[in-house]
Amino acid sequence: MDFTLSPEIEALRLRVRAFVEQHVLPLESDPENFAEHENIPLERLKPLQAKAKAAGLWAPQTPIQYGGMGLPMVAWAMMYEEANRSLFGPLAMNCCAPDDGNMNLLSKVGTPAQKDKWLRPIVDGTVRSAFVMTEPAPGGGSDPSMIRTRAERKGDRWSITGRKWFITGAGVASHFILLARTSDDARRGLTAFLYHRDQPGWRIVRRIPIMGPEEHGGHCELEFDGLEISDDNVLMQVGDGLKATQIRLGPARLTHCMRWLGLAKRCMEIAQAYVAEREGFGIRLADRESVQIKLGTVAHQIQIGRLLTMHAAWMLDQGDRARKEVSMAKVHVADTLHNAADVAIQLNGARGYSKDTVLEWIYRYARQARLVDGASEVHQMVLARFMRDEGRDFWHWGAGA
Amino acid sequence: MDFTLSPEIEALRLRVRAFVEQHVLPLESDPENFAEHENIPLERLKPLQAKAKAAGLWAPQTPIQYGGMGLPMVAWAMMYEEANRSLFGPLAMNCCAPDDGNMNLLSKVGTPAQKDKWLRPIVDGTVRSAFVMTEPAPGGGSDPSMIRTRAERKGDRWSITGRKWFITGAGVASHFILLARTSDDARRGLTAFLYHRDQPGWRIVRRIPIMGPEEHGGHCELEFDGLEISDDNVLMQVGDGLKATQIRLGPARLTHCMRWLGLAKRCMEIAQAYVAEREGFGIRLADRESVQIKLGTVAHQIQIGRLLTMHAAWMLDQGDRARKEVSMAKVHVADTLHNAADVAIQLNGARGYSKDTVLEWIYRYARQARLVDGASEVHQMVLARFMRDEGRDFWHWGAGA
Amino acid sequence: MDFTLSPEIEALRLRVRAFVEQHVLPLESDPENFAEHENIPLERLKPLQAKAKAAGLWAPQTPIQYGGMGLPMVAWAMMYEEANRSLFGPLAMNCCAPDDGNMNLLSKVGTPAQKDKWLRPIVDGTVRSAFVMTEPAPGGGSDPSMIRTRAERKGDRWSITGRKWFITGAGVASHFILLARTSDDARRGLTAFLYHRDQPGWRIVRRIPIMGPEEHGGHCELEFDGLEISDDNVLMQVGDGLKATQIRLGPARLTHCMRWLGLAKRCMEIAQAYVAEREGFGIRLADRESVQIKLGTVAHQIQIGRLLTMHAAWMLDQGDRARKEVSMAKVHVADTLHNAADVAIQLNGARGYSKDTVLEWIYRYARQARLVDGASEVHQMVLARFMRDEGRDFWHWGAGA
Amino acid sequence: MDFTLSPEIEALRLRVRAFVEQHVLPLESDPENFAEHENIPLERLKPLQAKAKAAGLWAPQTPIQYGGMGLPMVAWAMMYEEANRSLFGPLAMNCCAPDDGNMNLLSKVGTPAQKDKWLRPIVDGTVRSAFVMTEPAPGGGSDPSMIRTRAERKGDRWSITGRKWFITGAGVASHFILLARTSDDARRGLTAFLYHRDQPGWRIVRRIPIMGPEEHGGHCELEFDGLEISDDNVLMQVGDGLKATQIRLGPARLTHCMRWLGLAKRCMEIAQAYVAEREGFGIRLADRESVQIKLGTVAHQIQIGRLLTMHAAWMLDQGDRARKEVSMAKVHVADTLHNAADVAIQLNGARGYSKDTVLEWIYRYARQARLVDGASEVHQMVLARFMRDEGRDFWHWGAGA
């Protein structure tokens, strides 16, 4: 049992911290940087990314041979958390969703040719990517078995027909990973495909307006009407779609947690700075018991979130699927992010509700944390089932299969 | 003890319900009606208001002689709740904030001349109004004793200097009620003044960007630099500013609750319609225990909010200040509105996070409910003090002073 | 809409308050009064009951012709709440469970002969009674359709075989109301029977040890092995067992709430007295924000509980079954009682955990409040179903069928 | 970063598990083992302890040279958690409170002579011990600065006068560690003394009746009226009393957490076994969503508690005081134990409220977890102050001073 970061990771953490402090955070004070769907304009992002690349802080999740840093997940945790002290940190260092999950999946299961063609440009930062799974009712939302988009054999190619929605980043992506139904088999009915935005046979129906600030490329609704895909662009085997999804999902859920922890800590910083100055009813806010209890409670939640996330990251690094651990981290950190933003807004009063701080940006963003990747109740039910099936081994320390 | 609505109020309630169903709700389906800061454009509001006026559903809180309906607060409760089934209901019937609180205050404490000049046009709907109290740090936020905006005697007039912010509706208001410091007396240091937007000596510094949808006229930051006010535009007596605020506050807090209950019920309608249709993992959402528990829990909270609000309204109708009762309603209903929107979004999944329903509008709007009119902790502390001071009479049924 | 108590009820309330203050509360300071299973010894109870009877505070739930006060439920609410300021109040005034529910049921559905024989002695206080429904696994716990105790025709009589448990008061009861299966019909398979303790064919297997203080007669496990019951001791018709249960249940659940509210207020009294005196870290506890918030929060919950209970009582008085209203009161007040005791213990520190106050007695007693009469989740699900089925009429004010 | 238990600790854990399974758990099924204040009779404990000693599972917290196992705290965590699967586990293995905290303190700060005289017999199990600090109002409860018991110089000895209460185990203890005031200095006003039960000048006033099951020796109220103590029985230096308390407190708080986690897991076992069998309303309880969510939520809390506890244990092993980490573990695990018992009772229904399982024993015991060693609010406020003072280092991984 050892809770120390290795010196290399600690050094990395401090470099990320300094980079964010020096190069990223200052960008937040310019309202123009929230001009494009409340996100930083691409022309301002590019020079920032160049700096990060030059600083060697780039694509932590990808193998070195493909241009990334090839770090273990325990190191991601620190890098992501520090990066997300700023809203723009993950974008700067090429560790934002959905690219990071896509890079991770392609690194793990792509053929060498697929990696050269589809992965390397994402790592380089020359293209963006999207993961095309969820569908509007009555299609597959959180339940992949309900996916209705079909891939049907047409000559030596697959032809795709159907509708998807809430496809993050689709508006700017060039490389797409698409889930479609190739049979009605319960376990092996889905297949993952790769396609490029310039291919015909599909279109973006609309960029769905949402409550929160948007990723570049928005959350789009897509229609497929005969998109053709050749066999060499099948990712893994035909029928492996669900498996591909699961390989992507664990780390993707966990990187969300890492980012959310960074944002939650940021909320605390803003709240602390305000209560240290502001008075009311003859007392400084920071000296009120009720304020201290609120802040201390969130600090407690954040620290729990960090332990859960680090534990799950370490498990994944050991080769364990870490399903329980990822579930626990996800449920907890999603709530924590909401609470951190909520408490910080409450302590800032009317100012917290205004756009004078980034709190309201984070608050709206946080709402999706409790929606994506499974509702809390579902995760709690899964935990109960694990506890039933594993008996007393449920409480085992260390990693297994 | 009688929990029945009088036949007159019940008839009124049904008329409001029908009006909203027929004339107001349909407006929500046109995205153009969210064009102006997510609020209905004024040119579309006017004809709607004309219809409401023609239907005799207009200004429930104002005496008949000044053009309102002269209803008791128990009747407001029903009318407001039904009106706010739609986002635009209160606007349609001239019972939206901050006008309703201003009309109520002017009705109660204005001189006949002040009522003719300042009240009647608001009731008619020809002008809008604003209540100018809160200040940015280090001025008076929720603590009026910290108010720094000064009114100083200059000849036979008062000259106003200072800064205010989060002044709801200031961008479209013509009639303003302003709180300023006329002495350093702890109890009688503040005075309420009336002024018109066309007077010189003040300006709107900015319309503060906020998280939520805006009232017409936004939430503005104001600067006063020599605005002059004559003695006949002092509301009540010099030194009565705090008293005026308190007279306005009780009913104003409670009408917030009435509106929020209407919105909370609306959230439930949207959620119920969705879960009745949507399936996942082989079961209709409406048939899942976890979904039923969520919906039932919110229904419970809403019903509690209605009892608390009705009780407080009835107390105010009896001439009681109802401080405890209003506090209890405010704290509870603010939380309820948040929970209703939050649960409805959760049950709608990604759709709930989009702007395809009004849920996200309500969710953002709801966040301010827990900020305005006193944080929950403050109200709970006030309750504890009442319980200490009143002993077993704290639990008395019926109204007193 | 009127939230005033009638002068008669208010006068009654004050009389009950005075009686409790003068005659009942002082009994709590003698440890001997907790000698019998933490309940007052019967020989001390008898003179207390004589005083209550003499004061005209006796059996509020029973018609005057049978020796009770014949009060509406709105009046019960006040009387029960005041009575239960003391642990021994309801016992003193013959309004404790399960007798009150049994008296209410017999009053409503008994034949004149049954009332003379079975009801009157309970009202007089010469015998105690029990309601024999719940069974150990795999029999009927909260689900009456699972009841396995059978009544089979044997000549002109019914012969009872089976096992029951958690039969409150069975150890001292003489009059029993028993639910048993007379057929497998889903709706009409159960029948209610009356029997006397002296009849052969049944026995008390054990007095089940429980966490909390006990009612007189404990919570017993019963075995039936040929108890014979004649037709004139069938309550209502054969097959009406479920109906009888439901008639009993609404008011019985609500009288629990009334009592629990009295206990919750008592907890607040004890807590307030302590925090007003005790200091720590240089400040009186009563002056700490965290203490005020705790107390204010519980006060808020109690007041909500009173509105819910009063509303449901009024509905029942109007002849409405008030299923939603009773459910809402039950769920809320059960939680409130726990919170009141829990907070009072927390504020009293180690003293709260000792038997130096009655708080720990109440805390243990409170645990069963969340178990009996349906778990909270079940009630919330029922509410969701009502909301679905009644549409917008769910929110109707006033009583219906 | 490494979350693996060392093979030695894992082997130890399995040995403890087996011992509990084989020798300790069976004792719970005999009601006679709850005969002495709901604790195992001493004459039955002795042979059990002999077995544990023979198995080499004895006094994990004490150096080998004094007869213990000399384990690091990370190993305690596993041993305590497994031991407390049974109510009697810690007693069996000499790792129950308050002895374990006293042994730890004496090991760390006693002189060699003091260790021989006062420590060794506790480790051997021939005597029990008590820590005498808390006082009834107006003395020092949770605030040591309010301690009023005085030690005054009388010749070459100290003479003790005052009153203490809630002294765990005092009824059976022979060795006492006593905190008394030797001056009014804010920091160095207290001194720790050692005395033996046979010395004159003090007495046990009463064994305070409490809600929960008792440790051997109860929680006693003590009166000191001239107890004389020689200088060689001063622990550490005169004026070091507060320091001694703090040295004892960190590990003592944490061993509470370790034990509570064991009990919480036990509650889950009982609940799972029941819901796997019991049906209601046509469905097995284990298959209800609401049941799974309850169980999963507690499992989540327990696992968080284990991470917090292990992290704090590891910090203490590194020589860090781990104040934040211990606070976080304490607050969380105290709540977890309550929730685990509460949920398990709820799922067991009436059975859970009976003494047919150990759940109600644990539920009552759990109530003190939220009282001892600082209320949750106090810990949250302390966290807020750390976060303020340490800035971004608050989130540092690894151990410092």
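First chain written, first letter: the chains are A, B, C and D, and each begins at residue 1.
As a convention for this text, a contact is a pair of C-beta atoms (placed from the backbone, for glycine too) under 8 Å apart; a residue touches a chain by one contact, two chains touch by 3 or more.
Computed from a prediction, not measured in an experiment: that's the story for all the values here.
Averaging Cα atoms per chain gives one point for each, and the point farthest from that of subunit C is the centre of A. The chain pair with the larger count of C-beta pairs in contact, out of A-C and A-D, is A-D. Here the spacing of subunit A and subunit C, counted between their Cα centres, is 53 Å.
Centre-to-centre, using mean CA coordinates, subunit A is 41 Å away from subunit D. Annotation for subunit A: residues touching 2 or more other chains are 289-290, 293, 377. Residues 134, 136-138, 141-143, 145-146, 165-166, 208-212, 219, 277-281, 290, 345-346, 349-356, 360, 363-364, 367-368, 370-371, 375, 377 of subunit A touch subunit B in their complex.
For subunit A in complex with subunit C, the residues that touch the partner chain are 288-290, 293. Against subunit A, in their complex, subunit D makes its touches with residues 1-6, 10, 17, 74, 78, 265, 268, 272, 276, 286, 289, 291-293, 295-297, 299-300, 302-304, 306-308, 310-311, 314-315, 324, 328, 331-332, 377, 379-388, 392, 394-395, 397-399.
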